[in-house]
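These notes open a run of structures that come right after.
Consider the two complexes below, in which chain A is the common component and chain B and chain C are the respective partners.
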Partner chain A sequence: MFPRRCHATLRSILTTAAAGALLTSCALTGGSSDDGPTTITYWSWISGSQEIVDRFNETHDDVQVDFQLIPGGGDGGYAKMFNAVRAGKAPDIMTVEYPQLNSFITQDLIQPITDWDVEELADQYPEWTWELVSPSGDEVYALPKDVAPTVLFYRADLFEEYGLTPPETWEEFRATAERLQEQRPDAFLTTFGHNDSGLLSALAWQAGAEWFDTSSGEWSVNTTDENTRRMASYWDELIADGLVTSEPMYAEKHITDLQQGRSLTLIGAPWSAANLSRFLPELAGKFDVAPMPRWDDEPTAGNFGGSTMALPVGSPHPDAAMEFARWVSTSPDAVAAAAPVSTAYPANVNLQETWATEVSSVNEWVEGMNLPEVTSAAAQEINPAWEWGPDMTESFARLGNATSARAGQPGGLERAITGWQDTVVDQLRLRGYNVAD
Partner chain B sequence: MASLTSTRTPRGAGGTTRKRRSTVPLLLGPFFVLFAFTYLGPILYAFGLSFFRERFDGIGWDGPKKVFAGFDNYTRALSDAEFLQGVGRVLLYGLVYVPLLIAFAALFALLLDSAVTAFRKTWQTVLFLPHIVPGLIASIVWLYLYTPGLSPLLDGLEVFGWEIDFLHGATVLFSLVNIAVWGNLGFNVVLIFVALQAIPRSTIEAARLDGASESRIGLRIKLPQVMPAMVVATLFTIIGSLQLFTEPYILQASGNSSVSSTWTPNMLSYTAAFQSNDYHYAATVSVLVAVLAGVLSFTVTKLSNRRALR
Partner chain C sequence: MSTLGTQVGTGDRAWWMRRSFATLLCALAALYTLMPLVWLLFGVTKTLPDLYGSNGFAPSGGFHVLDNIRDLFAQDGGLYGRWLLNTAIYAFGGAAVATLLSVAAGYAFDKFEFRGREKWYGLVIAGVLVPHTAIVVPMYLMMSEIRMTDTMWSVLIPVMVNPFGVYLARAYSSGAIPNELLESARMDGASELRTFFSVGLRLMGPGALTIFLFQFIAIWNNFFLPMVMITNNDLFTLGQGLFTWNTGVGQNPDYTRMVVVGSAVATIPLILLFIPLQRRWRAGLTEGGIK
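Presenting the complex of A and B:
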């Protein structure tokens, strides 16, 4: 985990230095906005951004984009954006993930983009996605870039060796875990990332929970519902019975377990494939993907990641920025450019076919996997009623605190998530939000 | 600092006094300008921030309104279980860490200073080496050593039948003290050792002629004379432990320990500012930590002065 983060930091320093050099050279040549192209800055940490920007710059004369790699949102990127906007030094356009959109809107960090005729694009995105970028119903605040329907990656080779098939329900998932341990007692069916708040909310989302609600005109929070409890106690039991291991995801231990075939599946989303390919290049061809096991007869998926293009308050060149954002969100060219390094699934339904062809042909690791079919089915099964809270970076951190502290205790996850409700309500009230009782 | 310097300057020879007086502001000026910009300014700004807060109408789509809060943020902090627990934790941490560090530092400094130590230079370097490692890196290294499944240390302990969970429960406090002692011992040894070197050798020889043993010389002759250095070391360490951040932050970020994102007051302040964008509350917590550090430093100085007078 740490080497990766240090690497990113080093890269961001280098990028900043390079950007500084660029700026200086621009200043020396005295480029003005009248006679040359408009140069805009784009802040993101999403992999594939540089490739997308390069392609855009090659194909456009009127606007040129200067990509600046910033730390991941929760790792300081969002704090950087907040400070930049407040200081009047906002970039032209930036990445905001779905859970954080509401805090960016309520804290006046991003502006409505409805004036740029984006509503005509509404039917190009899944309903739930459009709801999340226009949470107030009146204005649209961001253009969806990618989405992340939950899917299950599994070691196809080992599944075959042990005579297992991808489980279709969570009940079967448990039975599969038991059958695996009968044959190989030191292996686990999956590594459960107990401290990964994004994963936990995706699992709750899939289980039918709706943690936040704004329909009453105030915020309401509900993490103690039956669906959340069912999901949490299910994992509590799997952990208690030793059928899965509870560890931070993508940390050293998790990667070693994946490498050595001790952890056989990974709950993820399309983007996870690129992550896995970087950590486990030697396992290319050994993984396949299946739909997430479901709770009831009806297939459902949650969303675990994804990002949007948002226009900060004080964006120096909003028109040029929106031209770029619209291109990223609607152009097959953007998807093709990112495909060699990123497996993130485009939010725009018109781009999904391009994505399917591109990732399977340029990414060796994904080649032969069932990823396009499984993903496109899952993308249509996401509950559109889900809303995010107004301070998710903070709320996620609190959820991580609660689950890390109770990890491995009997019933620990269920108590952590249900107890988290009171914490969130208190914190939101102290922060100045109106929360219903 | 300023008063010390200015009381000393007039002692100069009569003719040059006026000239010296005019150079004093010139030489001190840059310091005070930077001091005001980077220290006083931010403190005043934080103090100002702590009297405001944000409110939202309805859901909040129209953005926040900044409102005067009076002492609301202070009452919030003083009734915030997380803040109070955090203060409790750093005080407990200091209670374990400060005496342990100073005692070890004094012991090692005395050993280095005693005539019997061979390879003095080597020992000095070895003791100081961990201090060169940045706290961040040290924490990551120790995190590996504390993590079950990765740590050779834990595997070694298991051979003897000891299974210690370094990252959870009450143990985690001692795990953090261990990282801090490992990292900071060398610096404090050097601080005290340098003071020891300044003791007139004649007093030590006199004690030796009177038949005092090495350990008696250490305790009765040397230590009392390096008291000021030890007070300084204690003061720095107390302030440092109140500001505890890096080590627990790294353990927290690993996701493998019971350390929460609001475990110490500084972490609470960081979380408020950089995760919730609540700069008002972050400023309040910082002001309270500064006040606490001021009170503690003042107490330590007073107590040690009284002892010195006795």
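Presenting the complex of A and C:
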């Protein structure tokens, strides 16, 4: 009995060793093509990801994607990615939003994807988008998935009832707000989301501000420029005069105001339509969309959201991951798959026609809206000079704290945003970045 | 007569006031505890727009419980069902092993004389004083060393021990198991293990149940440990899953409804567990108290 058991143990050790050797040789040649598909892990929280992954898996045999829903970026998702990549447990591919790309790049958490011939795709994306995924101009770090040009959603039925037209400039926006309150004193032209750092930066972006700049070779931060001040003091006055209400976006009060027609417009981006449709299903057909009111004669838009597909350092199957990322970023199929649940606007200009047809045909809330034309015009008007800082998750949190603390005070927004500059400079120096004075 | 009457009256009033004050305190405490649950119950009947647009403590037009529950179990390819099952595995598995270990250890500390008994016992009790959160990160590093993070074991193993359970079990054992009974079992020729399993364990049933329930609830509600150990969605607990959904509301507001309905459904297994066990548990608590 004893010798046989010993023999069996020996044999199993040998088998294990042989299997290990086999695995190693597989890894070295980089392929497991004969053993069925490569399964990769995709980390994201972007609406529509599951649908996109399902469609990819149906149409591909060589690569299969395991979608892992992670907490929303700033709410824990990025922290999870940082930890996982540092611990050597990176997923194969993951979502990073535009503002956070620089922090992933500067901390060596995502790798350049230039080797996967992505340069040839450059002209399929708006210039400003490509500059954000390739900040230094040589290496490309992510493939853009969607973008979010700012647009203005408005209650077309109520505008008609009160004899209002969508304002083309911010001056007209104020006049419209006044005319509305003459007729309906309890209503506001919009709800201003003072706590939403993404919205505030989109508004500053649209106003011509450039908060971050790396052209000198150092980081420089400037939120005290004329354009930022003009934007901030404009909203301060509107809030002080009671023409708009200042509330957290998508919180209970905001939604109730939208439902009951007390808040008539929403500054948003194409993705907002899907959100609105879920909160306000019974108002389908009553909303329309217009370009964002502008500051000067030249039309401009900001960007308010959007995401990219980034390849983490230590991605176990980079080739398969890039095949998936390229498909998400360039395939009409991916856009069609997500359309029933998401109205996020594809970054790739070749997909925008598919998007227009798909969202208006599968989403009755968007049907009949001017969304495709307004969005496509806005996407071309975004200022390409805008850059993001190297630690935006933290910077955004600090901006949100500053604006929430000063919300409602006279001149509060302007002081919060201009004061934020020093906070960011301190924060970045503490993190070891070189910041210009 | 009249003096006596007044005296009775004052006594009455004092009694009545004391009583109503106590009742008021209890009512406030009950309100504080039950209000969120009431809100949750109404929430389960609502659509997403109604969750925002209607009074949380009143029904709104329509009764959407079945739709909501169906959507809950269909969301993200049925992840919720998976999380429910995982949480049950962690809670039942962890609590069962923790109870057995606690009872055995408590019994041993109570019934056996061995060198350094009180010192060892002190060490166990010191474990009660160390906050659970403080040792989660060191545990993660250890699990990471042996490549066990992101497995069910990484959550199960740490919850399989419960120093407070050992304390309860020792106290319970000294009250519920007469030493004479063990003597007679030994005289009948039973081994120590046999004595423990056939005599000790049976007498400690109600105490074990208390430990089991405490540990079960602790694991069911445990958030930090699985949050640190597990990154794979398919191994998530309910708390972790609901948290993840809750951070996704910016992308998909419908997660708000899923979190409300999911939280309500997550309370059901605990209630179901309590109903049949409640009577025995209460009996066990009083038994342990009288000595």
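As a working rule, the second predicted complex is superposed on the first by the 403 of 437 C-alpha atoms of A that agree within 3 Å, B and C clash if a C-alpha of one lies under 4 Å from a C-alpha of the other, contacts with A are read in each partner's own complex, and residues count from 1 in each chain.
Operating definition for what follows: a contact is a pair of C-beta atoms (placed from the backbone, for glycine too) under 8 Å apart; a residue touches a chain by one contact, two chains touch by 3 or more.
Not measured: the values here are computed from a predicted model.
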{"item": "Partner chain in contact with A:278 - chain B first, chain C second, else both or neither", "value": "second"}
{"item": "Most chain A residues touched (candidates chain B, chain C)", "value": "B"}
{"item": "Touching partner for A:214 - first (chain B), second (chain C), both, neither", "value": "first"}
{"item": "Which of chain B and chain C A:252 touches, first, second, both or neither", "value": "both"}
{"item": "Partner chain(s) touched by A:71 [first = chain B, second = chain C, both, neither]", "value": "second"}
{"item": "First (chain B), second (chain C), both or neither touched by A:341", "value": "second"}
{"item": "Chain B versus chain C as contact partner of A:385, first or second or both or neither", "value": "neither"}
{"item": "Contacts of A:87 with chain B and chain C, given as first, second, both or neither", "value": "second"}
{"item": "Partner chain(s) touched by A:433 [first = chain B, second = chain C, both, neither]", "value": "first"}
{"item": "Partner chain(s) touched by A:108 [first = chain B, second = chain C, both, neither]", "value": "first"}
{"item": "Chain B/chain C common contact set on chain A", "value": "76, 252"}
{"item": "Residues of chain C defined as touching chain A within the complex", "value": "48-49, 52-53, 76-77, 79, 144, 149-150, 231-233, 243-245, 247-254"}
{"item": "Contact footprint of chain A on chain B as seen in their complex", "value": "53-61, 63-64, 76, 140, 147, 149-150, 252-258, 260-262, 271, 273-278, 281"}
{"item": "Sites on chain A touched by chain C in the complex", "value": "45-47, 50, 68-72, 75-77, 80, 84, 87, 89, 250, 252, 255-256, 259-260, 274-275, 278-282, 341"}
{"item": "Contact footprint of chain B on chain A as seen in their complex", "value": "1-2, 74, 76, 78-79, 82, 103, 105-108, 135-136, 138-139, 194-196, 214, 217-219, 247-248, 251-253, 390-391, 393-394, 397-398, 400-401, 404-405, 427, 430-434"}
